[in-house]
Every structure is written in C-alpha cells, then in structure tokens.
C-alpha cells in the first residue's frame, strides 16, 4: 500500500483554479508527489491529476469528500478521489485462451500489479488448474444466449460478494449486456485486436492477413454500453511480414494483447486515467 | 545503374518449379544475387523474387521475354521481369503541403532513390521554387470538377511525353478518375493517414484527436480504381499523448507520411514488391 | 509568438514548495497552461515545469527575476525562466551531409520550429545553394587542427553578432574545443549514432554492421565539455535486417538522425527540457 | 512435428551454386517450402536457408549427410542440416526471477514453441512449484565459486541424460565456464539488458536510470566462451520517461526480456538462424 491519495479533475478553464486546489491540499498537510496539469486547448478544459502522501494529511476520506465537495462546487470541478489505503479487488473474466490471464496472474504474484485478484470467472474450464496454482477462486459459468440473463445475475452476485472494484475481460468472448456494464461504469477493461485499416470485427486476424496489413495492433479500452467503443486506454502495434503465416499473426497478436491489457490495468489501478468527453487521458 | 535483372513470380505450388527456374537462369549465365522464395500456405501459392547480375547473362530483355514466356506457360507462372538498365522516370503529384515532395527530392538528389524525377505536377503554385531549386520541370495544373477530365488528359499527355514509369501522389488531394488510374496499373503510389480504429475519412486527424487514439498511423499503398483500397505496401505508427495538441498530431502525421511514402517508393523502384490477390508482398 | 513564460525548477523536496510557487504566480495574474510536477524518488528532488500566459501577468521579465529570485532563495530552488516574447535565434553547423540541415530548414520554413535560423556555418561548401534557397546567411569556414582556435574565434564572433541562443550541430564533424562549449552551456545540441551494444566511436556504422546488430539507434544530446557525454535529450531506433547492406544501414541511420535531432531542437525551443544531475528530463 | 528438413549454408560466392543445390534437392524429390538466398556483398559470401517437405524426399538423414557432404566439398560449402522429425529437448536455467521461465513454459504448453522442455535447473528454489505445475523435472543446484566445477559436471550429466539440444539461460545469473560453453557451441541462448549507450555491466538498470537514457533495450544472443559477446539474435527496445521510477524501469526491462528471449528461442528451434563471421543472420 502506497498510503497516498489521488485526485483527478476536469473542469472548464478558469484562472487560479490550480492554485486554489494546491492551497486547499496544502492547508491540510498534503505532501505532493506528482502534479500533472494540462490544458485541452480544443475544449478549453483543465485536466489535472495530483497524488499526495497521506502521512501528514489531516483529512480522512469522508472529511475530504465533504470539504472538497463544497470547494469543488465553487469551481465547477468534475472530480474523483481515491485514498490508496486498501488493495483494490479485481475479477478476471476469461474464455479458453489463457495468455492474458496468465500474464495478469504473474504480474499480480510478483507485486507488479497493485491489486488483489479475488476471483476468476470463465465460460470454459481450461483455466481451472491455473487458478488453483495461483490460489485464486475459480467460477465456471457456461453461457448460452438463453441463460445469459441468469448467468449475469450470478456473476453480479459473485462480484458483489467479493467487493470487486475492477473487472478485466482477459479475452472473454461472451457478449456482456448493457445492463451489466452500467453497473460497473468505467470499471470494466477489455482488450481487442485493431488494425490500421478498419476491418469488420468478425475474424479480424483472418481479414488482416488476407489484406496484407503490415502492422498488427491491439487496443485496451473501457467497456461502455455501446460495445467496443469505450474510451481508449492504450494501443500498441507489431510488424508482420510476408513470412508470417496466419498462426504467426495470431501469436504476435496474443503477445500484443497481454502487454496492452496489463498496461491498461496497471494505469487504472494507479489511478492514472482520467476520462472526459469519451476520451481517456493517461497521466503516465 | 545496377545492371541487374529482377524476376517476380507467383504461381500455384508445384514441385520442382523453383529448381526449374533456377536451371533456366543458370543456363544463360545468371549470377544470382538474391533469391527469395516463399510458400503462401493459405493459398498454396509459390511467391518468388530473384535478382541476378547481367554481367555474364547472355539473354537481352527481348530474348529473355520470348524464351521465358514459353517456359512460364509450362508452369502456369504469373511473372514480371525488369532489366534495371535504365533509370526509371518518376512524376510527383503534389498539392500545397510540400513535406513529402521535399523528402523525395532530397532522396533523389542524394542518390538514395534510384530514379529520375522527371516532372512535378501540382494544382497549387506553392512548389514552384522548390522544383526550380532541384531543377525539375514543374507544371501548374489547377483542377475543378468541371475541368477534371480535360486536366487529366493534359496530365496523361505530360506523363507520356516524359515516359513516366511511376506516379507518386505526395499529398495530392485531388480525386483521380478510374480511367486515369487504369492507365497506370500498380504504378501509382499514394500515402494516407490511418488509425487503429477505423474513422470516417473526412478530417481523420480531427476524428482521431477527438477519440483520443494513442497511436497515429500512415499507410503507403498502390492506387487502384477503387479509391484508397489498393494493396498496402507499408505502414508505420507513432505514439501521441495527451500533451499533443491537434497541431502536434498533424505534424507527427506528416513525419510519418514522408517516411512511409519514401519507403514505398524505394521498394517499388527496387522491384521488391509482388502483388497478388490484392496483397502487396515486400521482399525487403 | 506564444506570449507565455516558462519556469523550470529543481529543488530538494520540501512540503508546500509547489503550492508556494503556485501562489506566487497566481498573485501576479498568471493563467497557468501546463503544470508538470514530479518527484525524483531516488534523489528526493522536486522537478517542475510550469508554463503560463503572459496576457494578464503583471510582472515583466526583470521584475519577475528580481521578485522570484528572492522567493527562490527561501526554498533553495534551482530555477530558470524564459519569457517567450522574442523568437530565439539558432545557428546550424554542418559538414557535407545535408539531411539534418535540410530537415531543420524545412521545419523552420513551415513554422514547426518556433525559431529564427539566423546563420549556417560549415567547413564545406556543399550547403551554399541550400542556404541561399532558404535565404539564410551562409559562412564557409574550413577548419584544420592548426587553425582551429582562430576559426572558433571567428565563429564566436559570428554567433555573438547574430545574438544566437542555440547552436545545432547538424552532422558537424569537427571537434569543438571545451572553451567554445563552455561559452554556450546547455545551448549546443548534437546528434550521434548509438547502438544497443557499445562499440568504439570510430566508424560505428561499419562496426555495427560487422557485429550484426538488429537495431540501429540515434541519440540527441547536449554537448558538454566532455565530448559526446552530455545529457541525453532523445533516442530512437530502427530495425535492420540481413538484407540491409552497409548503404542501407547508413541511410536508415540518416533518417533516424534527422528525426531525433529535430525533436531535440523542438523540445529545447519549447523549453521542455530540464537538466539536473547530468540528466535531461523532457516534459513532453 | 513438421516433417521438413532445413539446410543452412554459407559459402564463398560462386556462380551456379544455388542452382546446383536446387538441382541436388530436386533430384531426390524435395518439395521446397522456403528458399532464402542472400549475398553478403561486403564479404562476398552466399547465405542460404532452404526448407523442404520430407514427404516425397527419398534420402534419410544419414544418406543425405553422406551424399550432400561429397557435393558440399566441391562448392566449399559450410553447411548444417536438420531433419525436423523429432521434437528438440530444451533445458532452462533460471535464478530467482521467473518471468522469462514462465513465459517459455506457457509458450511451450500452448504449442507455440516447437520443443520439449525436458528440465529446469536453478540455483534457487523459487521455481519449484512452477516446474511442478507445468510437470517439468526441476533440479535445484546451488552454486558457489568453490563448487562451480563440480556443479557444472552434475549439470552436464543431467543435460546428457536428457539429450538436451538447446540450453536457455532465462535470467540465470551465474557465471558459466568456458569449458561448459564449449560443449554446447551455438546451443546456449542468453538474454541481457542493453542500452543505446554502453554502460559498464554492473547494475546496468541503475546506470541507465542515472544517465537518463530514453530507450531501454534487451538483447538475445548465443553464448560463446567470451562472455556476453556471442552473435546477436534479436534486440528490442522500449521507451522510458521521467515518470518511470527505477521500479518501472526494471519492470519494463523484464517485459522486454521475455519477448526477446522467446523470439530468439523460437527462431533457433525453427532453424532460422545462420551464424557466420560472429554474426547471426535470422531468416524470419
């Protein structure tokens, strides 16, 4: 635990806003560790992320929310605060491809991801042993369109029981209903293939291979009720050549996916992402 | 002048094809410099590029075409040969953004591009002085939809007079008719912006900026009668961050464009590109 | 002209420093555009770059220096301020390879580099026409070890006469004396080849080619009296394969050099670089 | 098992060599799948990799070696052949950082690496459970300088017993004697950190961090008796910024290491690497 707090703010630009915030924090004993303030010229918005040590800070979270809430009204701030005093609980959803899950579990085990992976939910049984090896509870919940609503209800119940803060879709190939998504706003992260030319979503690797694209890409993004269109957190590409057969393309895609997904998860856990106007800004 | 010949072949895979070609070349004294042979498993096609020195080669181009033509029939080869004995003539089309043109002219002047830039055609006058500095004939041909057909006729006449082998669209922002394109099949190279998510083509930089993409891309491709959908030759990306304002994004895009375009042009001039099944394979 | 001021600060971390600076600026009417504040944990140093609009700011540069100087003493700040009210003057030094010079001139002409290239100095005559085309005064000053001291004196005189703020070594292959460098501390930018394994500096491309490196690199850095060891501003790499002959490697190196050098120059001109402890931190 | 054979050749360039080899293979019924032939102009060497299907090939390995051996003498060929008819056995050496080991085990399990990981040797016990999970025999062999010779003897005995074809040093931090290395020439692959500027090998991440490098690199290479100087197989870099603390730099380095190491291992297993003149050429 880092024992810090992170405040993320977006607001219409007005002179002195940053200074006022700085004064507020200082007054209560904040030792500021990072201060990223940026002006989006196009929208005339101030974007701010500040992280401070809680060591000498006199406001607990409830007090802070009350006092800062009043303050924020004066400056029309959209704001979020996180007191990093408890480890966030993460649920991973996975289907039968395990590369992203394994990657997350390894980073979790080595302490690179500052979270507690509380449960794994899958519509396949392939991850059973892996979950056991990493001592993470595993729930096998097969889905068909007919029972989706009922399965989602079970999933929501599990998520609530584990007090889950973040859901990671680690190559989970099932549709998730808008109702489900709405319960975890900007708290579901997905990874998907992407290409420099827009191909239809069905069988994208095959399409890309057929069209001879030279770069293969992957996008990590928040899931919003409109499928695959949530704010983009991270993207990465890798080069493919004529000697890459379809198998190679798929494997390179998987290497990308786990890197992109783990970065996105890490930035979320470090509260580095600020969403506004359907964009995700990463203060990394 | 390299005094080499390049043969590019695609054909249904049949045992012994490569060896038969090798024997054919060897019989007439070819010193083989590069031999790239590859099997496209998905289509069961043999793809081959071979370059040899003409020094001791006894067949001139006409003889080669006759003799190899007969040979090729037996093996159902699709083939192209280039005798690299004269410098190819290139025409550059440009509008008012000159970064790609300048880049090509510089590489041409330093000998990096093995070609002769014979003329520049533009619908603006902005490149006049640059053309003069590099001693390349410049033709100012403004276009409006009403006179497009007539201007294209003039252009075609100019291209014919300069015996142009390759047309490079270096940020030429005018529509080119399918009829024009059909006269230079796989001999027109264009560069366009690309993104990891498919945005509509109008104002792509602005769209990308609005959506908060993390990677900006550029694609160099052949122009076919179906606009912007010809075989992809090269793609490259660069990272953009929240501190990049729209101006920065546009500038990074321009840096990409000139790199991607110059690579595509170079590979074309070196006869490294083999097109089949609407794909461009680059033997680079 | 942007009509902004930029303040860069490094100082031992002490609580409230950022807030005090923010208060100071706010008191005199600063509209803050960018605020990047960061803690170097290893050295326990606060690093800060702040840019504000001068529109409503009541202190002119002289007043600011006086008042902020007093303030800075209290907090043991190392600080630099730039009022971006006049276009900085740049001198480019070049030898016979012109790719970096051309790139800088083009970016200067299109307004991408916010500077005035006031003069070009070369020990070769190859850039004469290019300088003329871009209407930049050109000084041909050949150097031999015997006359170096005298030539440097002439150069310094020229730089003084043109009130040069930044010297860019755009592939200038002459030794520059420590005395010369000392007159422009952190105001001389150079670009050099770099590799993932350390080869001796003589003929690095040939060495790299011989050793079969897979990535070719380039480093943009400040020149300090100890040659080639100044703070690193930017680095970039490109991939090379077995089909790249030495010529290709050299050309790819040149493409890197101009990109790396132009980025370094741009960040310097935008006052985005903060040097401390022989490191250059880029707030980009 | 792919049921193919791979022939790798380097030889002084002589006209007709490629054709003669092609004829030889064709005569015995080879269906050629890949043919990569390249001329190293600088050394005037022909480099060739050819892979063919064994389906209709009439020579078994012993026959091939005999017949081709005679043939090779006539053309002064340095050659190696691999009949890919049995899965190669791999030993992984590891110390206490397990990221590379885990990555290799996962790729092995999913079939991405065409090998059999026969044993894991470590001077720490940290990998015990992981080895068990993947059902790979694990040998704990602690080393001190005093007992190194004796431990190496044990290791060699284990490697022999498991008929190991390739040794992968997956962050194995012990010195390996020249005598040991000499027993597995070009059969030991290592991964190490690399930077664009050459820092001394002790604590390279710390050094790089101190010097403010912008790109972090990793090199996969064969181990030769001269430590860390064997032929380079693969290199990759990643960008680091001022907000990366030492921990972040180390983590990014680990991500690179596993990618670079797995690529190097894969290319080795696919017989895509040809070593000559202390260079490794990768036909990928």
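A, B, C and D are the chain letters, set down in written order, and residue numbers restart from 1 in every chain.
Simple rule for what comes next: a contact is a pair of C-beta atoms (placed from the backbone, for glycine too) under 8 Å apart; a residue touches a chain by one contact, two chains touch by 3 or more.
Being a predicted model, the structure only gives us computed values, none of them experimental.
Visitor: If you average the Cα atoms per chain, which one ends up farthest from chain D?
Guide: C
Visitor: Validating interface symmetry: for the copies chain A and chain B, is the fraction of residue numbers used by both over half? Same or different.
Guide: same
Visitor: Counting only Cα atoms for the centres, state how far chain B is from chain D in Å.
Guide: Each chain's C-alpha centroid was found; their separation is 37 Å.
Visitor: Calculate how many whole Å lie between the centre of chain C and the centre of chain D, each centre taken as the average of the chain's C-alpha atoms.
Guide: Comparing mean C-alpha positions, chain D is 41 Å from chain C.
Visitor: Please output the residue numbers of chain A that touch at least 2 other chains, ranges allowed.
Guide: 34, 38, 241, 243
Visitor: Okay, in this complex, where on chain C does chain A touch?
Guide: Answer in residue numbers: 15-16, 18-19, 22-23, 25-26, 29-39, 56, 239.
Visitor: Name, in rising order, each residue of chain C that touches chain D in their complex.
Guide: By the definition above, chain C touches chain D via 38, 41-42, 47, 194-199, 209-215, 217, 219, 231-237, 241-243, 245-246, 277-283.
Visitor: Contact residues on chain D for chain A in the complex?
Guide: For this pair, the touching residues of chain D are 34, 98-99, 102, 106, 110, 112, 129, 133, 241, 243, 251, 255, 259, 284.
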